[in-house]
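Heads up: the structure comes next, in structure tokens.
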Amino acid sequence: VKGNFDVVTLGEAMIRLSPPRPIRLEQATTLDLNVGGSELNVAFNASRLGLSTSWVSKLPKSPLGRRIIRLANEQGVDASHVIWSDEGRAGLYFVEFGITPRTTTVTYDRKRSAMSTLRPGEVDWSFLEGVKLFHVSGITPALSDSCRETTFEAVTEASRHGCKVSLDMNYRSKLWSPKKAEKTLTKLAGLVNLLIASDPSIVWSIGGETEKVLREVKERFNVETVAMLVRQEEVATRGACGAVALSDRIYTSSRFYNLEIFDRLGAGDSFAAGLIFGYLNGDMQMAVEWGAAMAAIKHTVPGDANYVTKEEVEELVKRGELYGIQR
Amino acid sequence: VKGNFDVVTLGEAMIRLSPPRPIRLEQATTLDLNVGGSELNVAFNASRLGLSTSWVSKLPKSPLGRRIIRLANEQGVDASHVIWSDEGRAGLYFVEFGITPRTTTVTYDRKRSAMSTLRPGEVDWSFLEGVKLFHVSGITPALSDSCRETTFEAVTEASRHGCKVSLDMNYRSKLWSPKKAEKTLTKLAGLVNLLIASDPSIVWSIGGETEKVLREVKERFNVETVAMLVRQEEVATRGACGAVALSDRIYTSSRFYNLEIFDRLGAGDSFAAGLIFGYLNGDMQMAVEWGAAMAAIKHTVPGDANYVTKEEVEELVKRGELYGIQR
Amino acid sequence: VKGNFDVVTLGEAMIRLSPPRPIRLEQATTLDLNVGGSELNVAFNASRLGLSTSWVSKLPKSPLGRRIIRLANEQGVDASHVIWSDEGRAGLYFVEFGITPRTTTVTYDRKRSAMSTLRPGEVDWSFLEGVKLFHVSGITPALSDSCRETTFEAVTEASRHGCKVSLDMNYRSKLWSPKKAEKTLTKLAGLVNLLIASDPSIVWSIGGETEKVLREVKERFNVETVAMLVRQEEVATRGACGAVALSDRIYTSSRFYNLEIFDRLGAGDSFAAGLIFGYLNGDMQMAVEWGAAMAAIKHTVPGDANYVTKEEVEELVKRGELYGIQR
Amino acid sequence: VKGNFDVVTLGEAMIRLSPPRPIRLEQATTLDLNVGGSELNVAFNASRLGLSTSWVSKLPKSPLGRRIIRLANEQGVDASHVIWSDEGRAGLYFVEFGITPRTTTVTYDRKRSAMSTLRPGEVDWSFLEGVKLFHVSGITPALSDSCRETTFEAVTEASRHGCKVSLDMNYRSKLWSPKKAEKTLTKLAGLVNLLIASDPSIVWSIGGETEKVLREVKERFNVETVAMLVRQEEVATRGACGAVALSDRIYTSSRFYNLEIFDRLGAGDSFAAGLIFGYLNGDMQMAVEWGAAMAAIKHTVPGDANYVTKEEVEELVKRGELYGIQR
Amino acid sequence: VKGNFDVVTLGEAMIRLSPPRPIRLEQATTLDLNVGGSELNVAFNASRLGLSTSWVSKLPKSPLGRRIIRLANEQGVDASHVIWSDEGRAGLYFVEFGITPRTTTVTYDRKRSAMSTLRPGEVDWSFLEGVKLFHVSGITPALSDSCRETTFEAVTEASRHGCKVSLDMNYRSKLWSPKKAEKTLTKLAGLVNLLIASDPSIVWSIGGETEKVLREVKERFNVETVAMLVRQEEVATRGACGAVALSDRIYTSSRFYNLEIFDRLGAGDSFAAGLIFGYLNGDMQMAVEWGAAMAAIKHTVPGDANYVTKEEVEELVKRGELYGIQR
Amino acid sequence: VKGNFDVVTLGEAMIRLSPPRPIRLEQATTLDLNVGGSELNVAFNASRLGLSTSWVSKLPKSPLGRRIIRLANEQGVDASHVIWSDEGRAGLYFVEFGITPRTTTVTYDRKRSAMSTLRPGEVDWSFLEGVKLFHVSGITPALSDSCRETTFEAVTEASRHGCKVSLDMNYRSKLWSPKKAEKTLTKLAGLVNLLIASDPSIVWSIGGETEKVLREVKERFNVETVAMLVRQEEVATRGACGAVALSDRIYTSSRFYNLEIFDRLGAGDSFAAGLIFGYLNGDMQMAVEWGAAMAAIKHTVPGDANYVTKEEVEELVKRGELYGIQR
């Protein structure tokens, strides 16, 4: 069994089914199939930047389970700690992409997935020895009671083995209420080194100006570093994004990118991967810049995973804008 | 034979063929097939809002005829009064979607369609007894002499059975001249309760500021209620829309919606359906709001028919904008 | 609420997802979406032959639920007795079409569907008054305990209202064991007029020569009429089919059709529809001929539903073979 | 204006629309677009074999007219004698490809096409001077009275300018009755040098064994050369073909080819092109061999036109079968 | 062999392969195939405007070579001077279309193409007698040493036969360095009548305000007429374009068009064709207007070739904007 | 760097481009993109059966290079010994799938690929220590002189490190002549343990009855084990296959499978993988059975790689045929 990864993540990945846009589900005669899941996305994207990564999950022994694992495999994300299960199904989600003023809607069909049956003791966490960072999002503890317990087990084990721990709040209203989320995420926030404050207003009622929010989150949970992806959406296919972070007492912010938006799903996970890349380099300015650039490019790439190259992120960070033609 | 519908409409529906955008017809190797026709669209859309509807037409006994009827059937629009014909073809129209500065062009191939052979006496209009509203557009009388006569027959019968009558001008330059249209539409306008003034400037040379136009139309034809969809097009894929109405002496206007435009064909029919929905509720403010919201969403939905839910129209009317992601 | 249908059926319909053949699920980047379910298929197909039909089921209030209902609607199958539910999901099934020697595999993902929550008392069966025939397959009682109980309720109510009752065994190994099926189907067989003996060998260990099988089934369960679709598969895309029935003491058999097989899913339901069509005409020779011809054509039509015309079935029955070109 | 072509043909070409097989028209959401028409196909195919060709027709000034002309242009078939018309539409035909036992059906929608308005005197036939062969099929005189008259004008002018004349019977039941066809084709047969007897039994009630049919046709109309493509269809996608001819007193027959059939439309026109190629070489054995090989390959090529190379026809004629892999 | 063309061009055309946008090459499972090459595009586009054109090139005898020639053929661009070669491959290029901030990237795979082996003496340039204008771009001399020599041969021969000569700089960084380009293009510029200054800043370090640039280029190389397409790109899918020219002492500029950009490849070649059309009409205002309008429409048409009609260019030039719907 | 693999292979992988069948390259507007190459296929397929594998190759640093590596990655084939190159292109090949009597043709465009520049000394073969088997085909030495030398280097190093060595002749007429192949393959045959005699008649003029051929090959080159896939093709889409081997003095043969053929490319590599799987298990009967079953299923799977599961191969070997439906 392999070890010594830069980044290990824990979470569910699902089959994503979406009609060719802007067709509605009710009209659809074909669906595009992608694979996605927040923590697998983070591992995939970090791997694109050259980090060695492993993804921990539980999948059903079925064609759909094998379809899901392909996304990890093709990017060289280690999947040797994925548990193959006879119980539980493959999680699915349907995405109907809308354009203004029609909403993009996500319909989950993930109940009783194999992943939701994951329980403490099932994963042998000893391989975290030597790993630099363990990452999980607020989706994993929301999947089931046993997943919540396994999340705490994993975070505790990670700390014990000397890993840094990062958490992306990723509040999902279709999985739990703000109240339930508040209880769990508050506890988790106290255990992590790097907190991505994606939904502070819904879960902790911490709103207002960006820097203020970060300061308040940092203080309340006494986290070493907090960060946030800032998005502006003009219409469904146009917007902008940038990133901010607060580490110790230093507040850093990145360039803002003008965006044409094709697929914003997974942009937060792209931000997380870029952020972790800079964070592990010990450079928070780099962290927000790479996080913002990763997220910016993700908006242009179909699917949850970000088929970006390290070189183009580097160039975008350097030049600030890239579009046009290269020939 | 069924009766007691909320809304009955009379008109032609056609097979619509369009290259995947923005491919030109001359380059095309595949065509997308949809079904559409102004009055069928209105019945379909009204049915989405919960009204019971029936559509009267004449179709050829052929695979294309059966393909057309499916659109009515799938939405529960009653088609028991459609006449199946051995004579005449299925009307076709080709749409080439352009983007700025290239025009979207519609090429009709509907001459000698089964519908154009419809003549007075062919439809048994007694089923209009108990129907709330009868709707027709200016396209139907433009199809042929016998269609024009049947339109007058239908409108007269509708009034006789106590139905409200609505008319959408829908001037089509490829079917008749402004002069011919003027003669027929002027006569029809005098017979209706609700007039959708879609082309007052071309047909009646009534132009200028919106409210003034409505007042002038209302007065000249002595119609109870006149209404209009107001559209602004920035470029082919961006614009805005809203709606206005004048009923008795009261002028009402709706919110304006910022739009990303994918398919504007049928937006007028969506407006008509929403307008009628409010009109039958006896609430003209509701009529313009629902008409505008229906039209706004239609711009984002492929095809002539509007696969909208009543709930999302309601929410759009309430909140004013919807886009983003729901998950 | 409407009544007086020729045929009423009860069962689940699902979203069917399949990679464009012969791509494997593991390789797929798009899936074709169809809607199917044995008893909806029967109602759809019977409606193609001119019978008036209604389908009873339970569907979730969701885009997928609305996608499913479209199949009933577009064919004019009455769906006014379908129950819309807040609980339960839309059943799904994945089909990977193989060619020789690779198997076509069906993977169900239908657990905890809305339909599986249907329970006795939920449907008001009084509308069965005046209905000629009630049809159900062995899939419905296999879905859940409450579905099994509802099936018995429905069959009892149907008999009480004077409907003929037909049952298609349709054994599904992924839903229940032969032993469990044996117990339920034996009880049901005793309550029906027309029994389609699709899997007598698996469920009742009644095998051997076709006529002998029919006689044994008829005697053991004392059914008025038993029938069977006989299929031969040379390779995945070539085969033959015909039909046999035993009514009173008379054994009838149909022509055999040479087949090119594109999609054999739903062929049994096409057989059932043709059989019922002839059965309601009181002519068992017609029943097997129309059953066989319906099934034969179904093998050539994509999807579960059979987009056949009554005229072409009639011509196939008359001429025995149809292929070639008509121009 | 160019002249001195090897082959000139006269006829209509249409837009052909067909659902991706084996989808039925009633289910279709997309259609494949091809261009075809018997005499254009012959010119196209003859051009693939290296002959210089010109096609005479009448097309509407419209995107569809321009789409049709592309097929002639791309193969270098001269279209300078095509008349561009303000009147008349582009002919259409819909093809639904069936597999056994479902029939492939062709639905014409070609009435009042631009071509059908072609009348004597419209084409300046003086460019036939120096042309080797003029070809027309029985479809052209069936299109309209004026087309029939123009066909006789063209055939007469061709003879006057010293061209050989060939005629393919190509009886189309949807255009005229056998009786009407008999009258016109009998007259035409007396004017030609090379007669392709595609439908002798329907039109002239000349049936039976192949050689006998050719002898009877030859004698009755006193034609120099008669020829025929012989097809056997096992199922819709499997069959065989070969060719026979009778010239002076010599009866020749070609190899027979085992076929996998994808698209049999236009196979007769491929036969005609190969036959003419050999005929112009003065070698009737070559004529039937190239005719049969051209037809055989056509069954494997999508669309009406035969994207064959002269080299592969030559090799097929030489080796008798070609399939396998070349790498 | 034909002669007396309005325009003759010399250059390579390639197979262009691009994933359906905005899919990345790394994710692609299908590629769209188009044909393009600067000088073929110019001939194609000029032919759309009614000019008679011929394209000189060298192609491999292969299916890909035949695929390429179809683009010339279908538009009636004479290809009788194309040399068919046993040596060399078909040039390919891969285009990955990005949206902001992701760059559109062109990856050439054209080394050792058949065209790159073209050498002086291979083409018989005597057919230039009577031709009005010979056009070449800076790509052709960049392909190989022998292509550079053949370019000079062609330009010299063209002048000798009394043709006007036009040159589009078309600097391609992936073919040669600015320094190498400078040497060759400077020499060529001295030999031409009409110079399209597409990249003056990279090659000659002539930058700044548009009119100034044109004046400087004109003076330095003593060219009769210089022109330029001016493009502004707001984001990848939105921008504007217009054109300017300097002839003798007169500076002319066109309207500016607001653009929605689908495919900007080949817009420069569309500009060249419109410019040449006006230039040959002896009207430089017409030249810049038609050049700008041609380029504007090209941004909306998929592929390198511009499927425009002369009528719509005329109307765009007259009215200044065209979008909306015509029906 | 990882080691201790069951199987290591050396060879080129390419982008494979093919029109959707049976469209011809000349007609194509889209191409399907797959990745394939004999030795990568063997590693991929062996990995599907549970063996640990590594693939050695040389790829260009480009999107196409990254597209190719994905096939290795997604199946967990180790690619850490692949050399990334600045010189050389990605090899391409075009496949046009024919149906009888049209040939399937493969057009290579692989000259000057990165792989063809691989030279001795570039790969550090020390990782072969502990590897069970090294596999190469006759394609690799045919790519270039330096590739031939590297093949010999690899085979020698493999033997030195105690690996078994297997060779698949895989003669490719478009890469070298039989004479050149004979010289190299004869030398290689003397160095291997397991020889797949795919083309003994072309290269060594050893023909005739299967068993006799194996005996002659075995004796002439003194190889421990020789094996062969036996294929019969009835028409392009129907055939049969089985396998034979001769080890020591024992001749073994497998079941024969009736096949529907969709994509026969890579069937030989599937055979090789199954054969090696059994060979490494020390059981030649298993080797031919698994080789034949792997090849049989491959004919039904699109692409070069065989998306098979170990379980279904096992079941096919056990049951002899699998088709039908599992539900």
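In this document, chain identifiers A, B, C, D, E and F correspond to the written order of the chains, with residue numbering beginning at 1 in each.
Following the convention adopted for this analysis, contacts are C-beta pairs under 8 Å (C-beta built on N, C-alpha and C of every residue); 3 or more make two chains touch, one makes a residue touch a chain.
Model, not experiment: these values are computed from the prediction.
Participant: Hey, which pair has more contacts between C-betas, C-F or B-C?
Facilitator: Between the chain pairs C-F and B-C, C-F carries more contacts.
Participant: If you average the CA atoms of chain C and of chain E, how many Å lie between those two points?
Facilitator: Using C-alpha averages as centres, the distance is 62 Å.
Participant: Nearest whole angstrom, what separates the Cα centre of chain A from the Cα centre of chain C?
Facilitator: That gives a centre separation of 45 Å.
Participant: Using mean CA coordinates as chain centres, what's the chain A-chain F distance in Å?
Facilitator: One centre to the other, that is 39 Å.
Participant: Show the residues in chain D shared as contacts by 2 or more other chains, in ascending order.
Facilitator: 24, 26, 29, 66, 70, 105, in rising order.
Participant: If two chains touch, include that pair; go through all of them.
Facilitator: Pairwise, the chains that meet the contact rule are A-B, A-C, A-E, A-F, B-C, B-D, B-E, C-D, C-F, D-E, D-F, E-F.
Participant: Enumerate the contact residues on chain E facing chain F in the complex.
Facilitator: Residues 17, 24-26, 28-34, 62-64, 66-67, 70, 89-90, 92, 94, 96, 105, 107, 109, 111-112 of chain E touch chain F in their complex.
Participant: Would you mind writing out the residues of chain D in touch with chain C in their complex?
Facilitator: Interface residues on chain D, with respect to chain C: 22-24, 26-27, 98-106, 108, 172-174, 233, 235-237, 264-265.
Participant: Looking at the complex, which residues from chain B come into contact with chain A?
Facilitator: Per the touch definition, chain B meets chain A at residues 238, 257-260, 262, 296-297, 300-303, 307, 312, 316, 321-327.
Participant: Using the touch definition from the top, list the residues of chain E that touch chain D in their complex.
Facilitator: Its residues touching chain D are 66, 70, 73-76, 309.
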